[in-house]
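See the structures that follow.
The same chain A turns up in both complexes below, where it pairs with chain B and then with chain C.
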Partner chain A sequence: MPVYFLEIIVVALGLVMLMVDAFVKLEDKRSIAWIGMLGLSVVFLLLFQVKGPENTDAAFWQFYSANDTTALFFKGIAVLTTLIVLVMAVDYSPVVVDQTAKPEKGAHPQSGLGEFFALPMFACAGLMWMASANNLVSIFVSLEAVTITFYILVTYLRRNVGSLEAGVKYLILGALSTGFLVYGFAWLFGITGSMDLAEITTALAKPDINTTAALFAFALILMASAFKVGAAPFHLWIPDVYQGAPTPITAFLSVGSKAAGFIVFLRLATPFLASEPIVGKVTMVLTVVAALTLLFGNFSAIPQKNFKRLLAYSSIAHAGFLMMALASAPDKLVEGSKLTPVTVIAFYLGAYLLMTLLAFLVMSTMRKVQVSEEIDSYRGLAKRSPFLAFALLIAMASLAGIPLTAGFWGKVNVFLLAIQQKEWLLVIVGLIGAGAGFYYYLKIAASMYLSPTEKNDDTSAIAISPLSRVTMIALIVAIIAAGFAPGLIFGLMG
Partner chain B sequence: MSILEIIVFLPLLAALVIGLGAPARATALGVSIAVLFASLVTAICFAPSVEGTMQMLSSRALLDLPGFPKLSLAFGLDGISLVLLLLSAIVMVAAVWIAPQESAIKKGSAKLYYASLLLIGGGAIGAFCSTDLFFLYAFHELALIPTFLMIGIFGHGENRVKTAWTITIFLGVGSLILLVGLIAAVVALGGSTFAVADLIALAKNPETGIAVDSQKWIFPLLLVGFGVLVSLFPFHSWAAPAYSEAPTPVAMLHAGVLKKFGLYGLIRIAMPLVPAGAEMYLNVILVLLLGNIIYLGLVTVAQKSLDRMLGYSSVMHMGYIFLGVAAGNALGLSGAVLLMFAHGISIALLFALAGWMRDRFGTLRFDELGGVAKSLPKLGLMFGFAAFASAGLPGFANFAAEVAVFFGAFQGEGETIGWLRWATIIALWGVVISAVYMLRAYRHLFMGPKPAKLETGADITWAVRIPVLLLVITLLLVGFIPETLNQFIRPAVEGILLIKAG
Partner chain C sequence: MELTLNHFLFVSGILFAIGLSGVLLRRNLIVIFMCLELMLAAANLTLVAFSRFNLQDGQPDYDGHVLLFFIITVAAAEVAVGLAIIVALFRNRETTDVTKINSMKF
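Coming up: the complex of A and B.
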């Protein structure tokens, strides 16, 4: 089966869910999510079965190269993220119902819930396409497919001012960054005369290219990509949008959107990094961006009091580590070596998916019993629900990069690459960032385990839905297993 | 499964089982006794005569990709790690046994308490048994979060949360620096493997060894990293407050066992991989270790309560071990290893007794205590043993070890009188200092008039006597017959020196 069938299946699934929502009388609209979850599980399994299209010359599929295993790995990330986001969304649905419509007489009490499950499917299809897009046109179209879906999802809680504010901010800045991206594409096309990344790579590698124009194109593309992945100095939207968006969507943005942003940026930056005349300056800019992102993300996370904002800054900090890997791209690839920015970034994002989604799963479960998302409101969680506290502890340990967790290997790989390339500035900044990380991630653990509870705190046990519990256990096991044997994640890259 | 894999993973699995609902105390105690027996069996099966090679090897490949260092879950023992394995197993049994004596255990869930203890102990065992650089590092780090929670939840005093933060940030940042140093060393050696034996082989070969220019800055990274973990002066400030505020079993395990990891890493990793760097910084190390012995020795004397004093004394004694390592000959190095063992047992014993007294008397301040020996003679006897052992009186393991360290260090430079010999002469005064503070503490606590307010209650029961006796008997056994451990240490140390000479 050719790879692109998968995207088609996912889009079809999304359409089926919309139709079911519109035409089938359901007691409980949460069953729509089950269609999505089952369908995505099948798609995830199919990922291990597919192979690339044999005939890439066929006119339409020139937009579309899926013949590398990296693309498959990122598709896997997209599918898995969406799957877990749906799990969260089911748990979160009472909040959505509460914050969307006050149904008129006779309308379904959960009206407006169905699309909340269907829209992520379209975003997922976009993310999957993005993973294998290798043409400026397909990159742009897939990127917009994702972004526009996110505009809707971020602002989904329409009776909630925070969600609306987040949506407006995301829309304006997102549209601006899209503008930069297209402008950059135009310049790139002007220099190289091609939309195809392979041809662009050859064109840029010529010694006589116009370096000023090429660097300008790179700067524009970097701005847009930095916006998508949340790298400094284009990270300012992240905390506000993350805080305002519905929790499952925040998780989706934080993992899916970031992963896709990075694969696109990797593909777009590779031609520039392979171009002899400008590679020095490109690397320098990337180094500066990476260092700034590491410092901004980690230091701004320290004083945060809101858990979602903290995770937002943490996602900036992780973008810093990922940029660090990209900035440490080797000048010359050692024959057969797998220690390249691509594998390192792919691994990091795989680990990041596990630990971030685990944290958000705990958070969306907690949202059912308490509205507050302040770190302080997690006090006494260790007594209320030892399981949730333990799950969050593992997520935080992994995010902080404590050994024997997946997150540790992510950081080790980045440092291996940076030290091998002798990027000492980045090593030092990364070290400072990781040190700060210890503090702010452990702050969550301290709140759960060490903070004394107060008199009128709710101390009743917390009910966890079986689905969430199973997902959390699976994520915990995966984090620890990958911490012992990082080969498990590398194995998925083929 | 090899026996080492069982020894390493049994405590970790037990922690998981406790988390799932098994009876906490019974599981923890049963497992630690099983681990102790398994370690003794290992020691009996161990062939002490084989020089410097690892025994009981087991290995499972976990990552083998071109470009990435090869990773495997590999365990093995030589004489040094065997001694430290025994130390960990003995202290773990004593710590788990004595745990319910502490009233602080009621502050939180017993499950969390025992699971954390098992993770701390199991992590130490894993670190000492690993022959893969990554797991050696990672198992040590396993203790980081349990320690944080244990001190923060079950610790003593008002400042316990602050102290928990201090120790965690100190050790976390120290390990990060260490990690960068280790990665730098691995990359400088070609970045092809994490296996310690292969790395040493590469470092020995002049073609593949690390260039002296790189050694010059890799070694300081390792020294600072390991130095923070082992509370080398001036990176020591986390240790004393942490030990005095930690729950007793954690103080026993951390001061007794886990802290030795820094020294173990210096001997096993830093010196063989970057020998030229180690030599370059020898004088710096000598100055720092004198800081530990003399400066911190005097700080110890000035302490006004027993728990603080013990915390500082444990930091101070690290200086002797460094001296043995710095000596660079077989005698000094074997003394250092023996002292790691002896110090680990004796400080665990002291913390165990001090913890019991804190619970009973409500205070450990010298000016509020006195004359306890009359009403609690058995406690007085046991504490006397512990204090004398710690001060290095003959008959205890500490004496045998310290003598070897001092003789070794004095010989270290042959006939010339250089830095090392001067350092040894100054360090000898440390023996006097530790006698001063230990005897003063004993006098304050057990002699003299008893303050009227002090209620002593009944003497230590068998629940305390058994773990205490376990530690005392170990100290005496090794003190009278050092050969019980030296037979393992000697060949291993000679193997390490061969590496350096090659």
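Coming up: the complex of A and C.
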């Protein structure tokens, strides 16, 4: 089966879910999510079965790269993220029903819930397409398919001021970054006379290119990508949007949107990094951006009191580590070495997916019993629900990068790559950042296990739905398994 | 005087700068949104100019036009969603002034 069938299946599933929502009388609309979850599980298994078509002469293949294992890995990230987001969304659905408009008389009490499950499917298809895009046109279209879907999802709780504000901020800054991106694309097209990434690479490598124009195009594309992945100094929207958006969507943004941003940036930066006349300046700018992101992300996270905001700053910090991997791109790829920016970033994102989604799963389960997302409200969680506390402990340990977790190997790979390229500044800043990370991640663990509970704290046990429990166990096992045998994730990259 | 590529690039650059400064300086969400569209228009003008002046066999390079049409379509979708979001916000807060949308700590 050719690779692009997968995107078609995901879009078709989304349409089926919309149709079921509109035309089938359901007692409980949460069953729509089950269609999506089952379908995505099948698509995830199909990922191991697909083979690109033999004949790739047709015009379609200008826009889509076949036979690309990295792309398949990123598609896996997209499908898995969407699957877990749907699991969270089912748990979160009472909040969605409560916070969307009051249904009219005679309408279904859960009206408006169906789209909340269907829209992530379209975003997923966009993310999957983006992984294979090899042309400026298809990169732009898939990126916008994802971004516009996210505008709607972030604003979904339309009776909640926080969600609306987050949506407007995301809309304006997202559209601004789109403006930068297309202007950058226009210049890139002007310099190289092509939309195809392979041809752009050849054209940029010529010694007689206009370096000023090429650097201008790179600056525009860098600004747009920094917005998407949340790299400094374009990270300011992240805390507000993450805090305001519905929790499952925050998780989707922080994993799916970041992974997508990085694969796009990776593809777009590669031609510039391979261009002899400008590579020095490009690497320098990337180094500065990576160092700033590491410092801003890690140090702003320290004083945070809201758990969701803390995870937002943590997501900026992780973007810093990923940028660090990109900034240490070798001038010439070392033959036989596993450590290239592509594999390091893919590994890091794989690990990041597991641990971030685990943290968000715990958070969205907690949201059912208490509205507050302050760190203080996790006080004494170890007594209320030892399982949730343990899951959050594993997630925090992995995010901090404690040995024998997936997150540890992610960071080790980044540092090894940076040391291999002798980027000492980045190594030092990265170590400082990772040190700060230990403090703020473990602060939460300490709050759960060590803080004494106060008189009016709720100490009743917390119910966890079987689906969430199974997903959490799977994520915990995956984090620890990848911690003991990091080769597992590398193996998936082929 | 003959029109050259530089004239077009200059105009589109000015258009982009006007759009960007509008986004940064104006306070009304609708005006900001219009300025964002101006930035996309600047990119479109640049694309057409490069297409027209990068002749291939005496014909303009139509790759640029393909991207341009996608930009127009995507911009339309973005406006549809964006205005809906702004209307939803207005119903809730009765303002489109960005300085008043500050309930979250920055």
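Following the convention adopted for this analysis, the second predicted complex is superposed on the first by the 494 of 494 C-alpha atoms of A that agree within 3 Å, B and C clash if a C-alpha of one lies under 4 Å from a C-alpha of the other, contacts with A are read in each partner's own complex, and residues count from 1 in each chain.
We take it that a contact is a pair of C-beta atoms (placed from the backbone, for glycine too) under 8 Å apart; a residue touches a chain by one contact, two chains touch by 3 or more.
Owing to the predicted nature of the structure, the values given are computational and were not obtained by experimental measurement.
Student: Contacts for A:L393 in the overlay, against chain B (first) and chain C (second): which applies, first, second, both or neither?
Tutor: first
Student: Contact-wise, after the overlay, does A:Y183 reach chain B, chain C, both or neither (first, second, both, neither)?
Tutor: Second partner only.
Student: Mind working out whether A:A445 is in touch with chain B, chain C, both or neither, as first, second, both or neither?
Tutor: So A:A445 only meets chain B here.
Student: Tell me which partner A:P486 touches in the superposition: chain B (first), chain C (second), both or neither.
Tutor: First partner only.
Student: Check whether A:L171 is in contact with chain B, with chain C, with both or with neither, and answer first, second, both or neither.
Tutor: second
Student: Just checking: does A:L416 make contact with chain B only, chain C only, both, or neither of them? Give me first, second, both or neither.
Tutor: first
Student: Check the residue A:V16 against both partner chains and state whether it touches chain B (first), chain C (second), both, or neither.
Tutor: Neither partner.
Student: Would you mind listing the overlap between the chain B footprint and the chain C footprint on chain A?
Tutor: No residue of chain A touches both chain B and chain C.
Student: Spell out the part of chain B that touches chain A in their complex, as residue ranges.
Tutor: Contact set of chain B toward chain A: 19, 62-69, 71, 73, 108-109, 111-112, 134, 137-139, 141-142, 144-145, 148-149, 152-153, 161, 164-165, 168-169, 172-173, 176-177, 179-180, 183-184, 186-187, 191.
Student: Across the complex, what residues on chain C touch chain A?
Tutor: These residues of chain C touch chain A: 16, 19-20, 23, 29, 32-33, 36, 39-40, 42-44, 46-47, 49-50, 54, 56, 61, 63-64, 66-67, 70-71, 74, 77-78, 81-82, 85-86, 88-89, 92-93, 98, 101, 103-104, 106.
Student: What residues on chain A touch chain B, complex-wise?
Tutor: Spelled out, the residues of chain A in touch with chain B are 334, 336-340, 382-383, 386, 390, 393, 397, 402-404, 408, 412-413, 415-416, 419-420, 427, 431, 434-435, 438-439, 442, 445-446, 449-450, 483-487, 490.
Student: For a test of understanding, state which residues of chain A touch chain C in their complex under the given definition.
Tutor: Of all residues in chain A, those touching chain C are 136-137, 140-141, 144, 148, 151-152, 155, 158-159, 161-162, 164-169, 171-172, 175-176, 178-180, 182-183, 185-187, 189-190, 193-195, 236, 239-240, 243-244.
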